[in-house]
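I've put the structures underneath this note.
Two complexes are shown next, each including chain A; its partner changes from chain B in the first to chain C in the second.
For the complex of A and B:
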């Protein structure tokens, strides 16, 4: 059913124009045309400030994949995502199950774990730097106290990426947890009753027979959302390492920022942007597909 | 074994299990909360206590006034917060002003190009903001608004997610209501503001929280367009602070971090439910 409308034709187009016109103009001017512009800039040798630019075809992309720093950046980003996603999803699910079965203090646990997701990451990165300080940081002092080996976590090529991943996990964990708690709430109670009738009445049985299968779609969703956020890691890298030492923590968005806005190699930066865009678009489309399925089956 | 004994055993088991459950969750809470606790603790300690080892949460000699005083005077911390309020407020108000009418048109009017416009919105949903950095920087440069509030605000005025979310809610409003409002002589614009937006209140709250939290915490875009310290939003301010304190004068630095993170955290503690809902709705985009 549509609304019966006295104003028809042009008058209706006019009111739609007044209502939706500003949004449409801004959508074109600040999103869609700029995206097209990125593709155009990526095939030029434009540098910010330079008055001229010329068409260079795919040279930027050829240079990109021949560039050791960019290759390190891609490898590091993928590695970072592979460290952050399984840990965030696994811990998020485990904590959600624990919170569900504990009963009391549910709101307290949820709030504490959700806090890092809310807190300004730039400020908390500075705090992490203090925690990880090689001599006076509480992390190394605790390890020393336990007689375990210490490290200069953010300055050592072998530890810097895992350390950043730990901060990433710390930050995203509460969000995964909240999504899983919502997913658990949506599991129909009568499924547990049915499972019990069928003899699956132990905690472990209920978990493997009912809970985990029912959480499948939520899990897929959490995996993709976490992966998207992990691909966009920037703040901690910028503040704590600037991609170092020796590009061991160079990641995609940081490369994009440095090439475009510090070296002002705009054309090259645009090529990095397109690689980033393609990865994120594939993940977002996957997410849309998962959401779609979830809507259909619930 | 008697039935009573077995039941007692079972209760004991359940108790033990419950205890283990809380122990694990408390341990995890401590780990997750440690950076916050340590931040507060360091912000109250004098330099010598920060430097010599020790796990004491509370300082022997309280140094709160000195640390916070130094943090507030060395850099315009309160100004950073005010900038955050101004920028996030401007973004949010403009977003609602632009997105709600568009969402209404897409949900309830029938006009040429509606499907095309909705397709544009869906494409907009796919585009991460960072991808637009180069062309938007060039645009801001051309407009001469680099290093102004306007540069911080203009890329975010139209929110495809806002339009999408409001449209979903507006679609559920019965057409009869709109028809009745028109018979009462309300203009289309009046229908948006006096009927649709109040009815979609939960969506507006959720969207507002999502918007304010994302822009309050954003470092990437301010880093690109802002140079002047007096225009810096909180995350950029903390970076400026950190760069200057190259040594490890952690007391004032932690005090600054505390001041920067506390507004959102306090708001969160007071309105947990709304924050959780608003932010998880944001993930659906």
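For the complex of A and C:
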């Protein structure tokens, strides 16, 4: 007999390890390590560029939830999401139904509504700023002309968040619309025929019997993606308001940015990041679960 | 009047393409009539016009003696079974079957989710619907599937549910658009028998669309053969098979396909095929071209070459169990398929020369334009099995 060969299981494990190794390493280095680093930094008092750091346990988190700015930031973000998601989904669906039923010019409408989604928001924010200018902006001029009350939209604590939400809706609408249009296209024509023969031939009946149920999966997807994007709102806030006035438009990502890169409180910023990651993760898991359970028909 | 369907010169075009041209047809009360034709000939369009899902450009549709042209689909007292079944994927089997009843028996307020339950009288209606659905489900043996979604059913079960959704309403006319074409061959034969039984049990009028001639032949009281938007022939399955009006019907019906051989008219009472004189009366002047239609079972093997026999060489043998298909290349260049009793297998082998005897009484003669020539009056010209033509 020659050299005893290792048992089959070990050999397979070995070759599997060799084959998967490089990809695994890459994954570790690019994905998991940074996240791990964030977790480590979050329990220290490290300041960016500082030569020393010490372990502070959960102090950063305690400080975080004791911080009025952070609490305002969380509240504002949730409020923003609650404004943007239903409006984007509702308007997107309504527009998709309208465009689908009008038939002609479908491609044109689709393109027009999709433009904001494709445009760089930084550039578009400038346009919004001009539109919303308290004295020379088109919005206030128009309101004035109609004899309606005007506002300093981006500088007033009570209007700034709804105004940002409107911009967020404007930006996300095209995305929702395109997905809904695709979803409508995918509804089998036979189902409408069957519904018609079965007696469901009114607009409302067609909607409730065929269209809306068949759009269930798409709607779920649009809701989750829109919510995720709304949670990540940053560029409009940064460019138009910088979280002001008086933190009335402070949102999570903006807080994170300011703490980490302006105040250089890296440990504190890492703690904000972890809170943010948790929210996003919960949403993503929710999406996976709901998509699997409720709205998959086959 | 009866619960049949009458089509009066129905025409339809899509853009510039004429899909149906002057289709007139009467489907009698309680009849099982099949629309048979190749894909794209307009069968589904005709069915959809009858259902009210498509509007005809000209002509009228009468259902149960009522002019239906201005009626919407739900007012026509018809039910339809779709090729794709078109079950609502988000509803259970029970809900799928209940939907047409709900739409009919409940008012809008009662159908509303949630608050509809509070509406007076809903409970009694809901119970009547539940009972009717349960009864239909029992009859179709799908009672154990009631709480599943269509996605959790096999093809055959879906098909049954689709039929159930149509039956539960008790319409006077059923329209079925290739309902078996998505099933595998074995299941198709089973479901075919079930549909036949359903027809016998309900006594309803059924208009059934298929491109499968075996379905048409086995199921129907009468078959309407469609070709490019017109009806080529309407008749009993036997009549369509044994006594076709034209070459196209003869070619479309029958498996294996009818043999078509070109022949020259030698005299009003004789033709020449591959140099073989056959005493077939055409009534045409000498020199004209005709096509002879020979069913594979309308020929037999002759022991030796002789007068009135076609000579050729065996090219291919196909054993079909009780029968043997012999593909023969005739000396004149044409090919012919003969269906023989398998007991004759010893007489043929690939490459062997054979003599084929056409049964003159079963030869179908067609003019150059495909029209059937019926003036053949030699002995026994008319097959005994010939049925009544519509």
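To be clear about the criterion, the second predicted complex is superposed on the first by the 262 of 298 C-alpha atoms of A that agree within 3 Å, B and C clash if a C-alpha of one lies under 4 Å from a C-alpha of the other, contacts with A are read in each partner's own complex, and residues count from 1 in each chain.
Assume contacts are C-beta pairs under 8 Å (C-beta built on N, C-alpha and C of every residue); 3 or more make two chains touch, one makes a residue touch a chain.
Just so we're clear, the structure is a prediction, and the values are computed from it rather than from any experiment.
Novice: Could you tell me whether chain B and chain C fit or clash when both sit on chain A in the superposition?
Specialist: In the superposition, chain B and chain C stay clear of each other.
Novice: Pick one for A:179: touches chain B only (first), chain C only (second), both, or neither.
Specialist: The answer is first: A:179 touches chain B but not chain C.
Novice: State whether A:210 touches chain B only (first), chain C only (second), both chains, or neither.
Specialist: So A:210 only meets chain C here.
Novice: A:115 contacts which: chain B (first), chain C (second), both, neither?
Specialist: first
Novice: Determine, under the contact definition given at the top, whether A:123 touches first (chain B), second (chain C), both, or neither.
Specialist: first
Novice: Is A:258 contacted by the first partner chain B, the second partner chain C, both or neither?
Specialist: neither
Novice: So, A:193: does it touch chain B (first), chain C (second), both, or neither?
Specialist: Only chain C is touched by A:193; chain B is not.
Novice: Check the residue A:223 against both partner chains and state whether it touches chain B (first), chain C (second), both, or neither.
Specialist: Once the two structures are laid over each other on A, A:223 reaches no partner at all.
Novice: Give one of first, second, both or neither to describe whether A:19 is in contact with chain B, with chain C, with both, or with none.
Specialist: Touch status of A:19: first partner only.
Novice: Quick one: smallest Cα-Cα gap between chain B and chain C in the superposed arrangement, Å?
Specialist: 8
Novice: So chain A touches chain B in one structure and chain C in the other; where do those two contact lists coincide?
Specialist: none
Novice: Using the touch definition up top, name the residues of chain A that touch chain B in the complex.
Specialist: The contact residues of chain A facing chain B are 1-6, 12-13, 15-16, 18-20, 22-24, 26-35, 37-38, 41, 48, 95, 98-99, 101-105, 107-124, 126-131, 133, 136, 138, 141-142, 170, 173-175, 178-179, 182, 225, 232, 234-235, 238-239, 253, 256-257, 260-261, 266, 269-270, 273, 276-277, 280-281, 284-285, 291.
Novice: With touch defined as at the start, can you tell me which chain A residues reach chain C in the complex?
Specialist: 188, 190-191, 193-194, 196-201, 204-205, 209-210, 213-214, 216, 297-298
Novice: Quick one: in the complex, what on chain B touches chain A?
Specialist: For chain B paired with chain A, touching residues are 18, 21-22, 24-25, 28-29, 32-36, 38-39, 42, 50-51, 53, 55, 98-99, 101-102, 104-106, 108-112, 114, 117, 120-121, 123-128, 130-139, 141, 154-155, 157-158, 160, 163, 175, 178-179, 182, 188-189, 192, 213, 216-217, 219-220, 223-224, 234-236, 238-239, 241-242, 248, 250, 253-254, 256-257, 260-261, 264-265, 268-269, 272, 275-276, 279-280, 283-284.
Novice: Any idea which chain C residues touch chain A in the complex?
Specialist: Chain C reaches chain A through residues 48, 51-53, 72-74, 78-80, 82-84, 86-91, 99-100, 103-104, 108, 149-151, 165.
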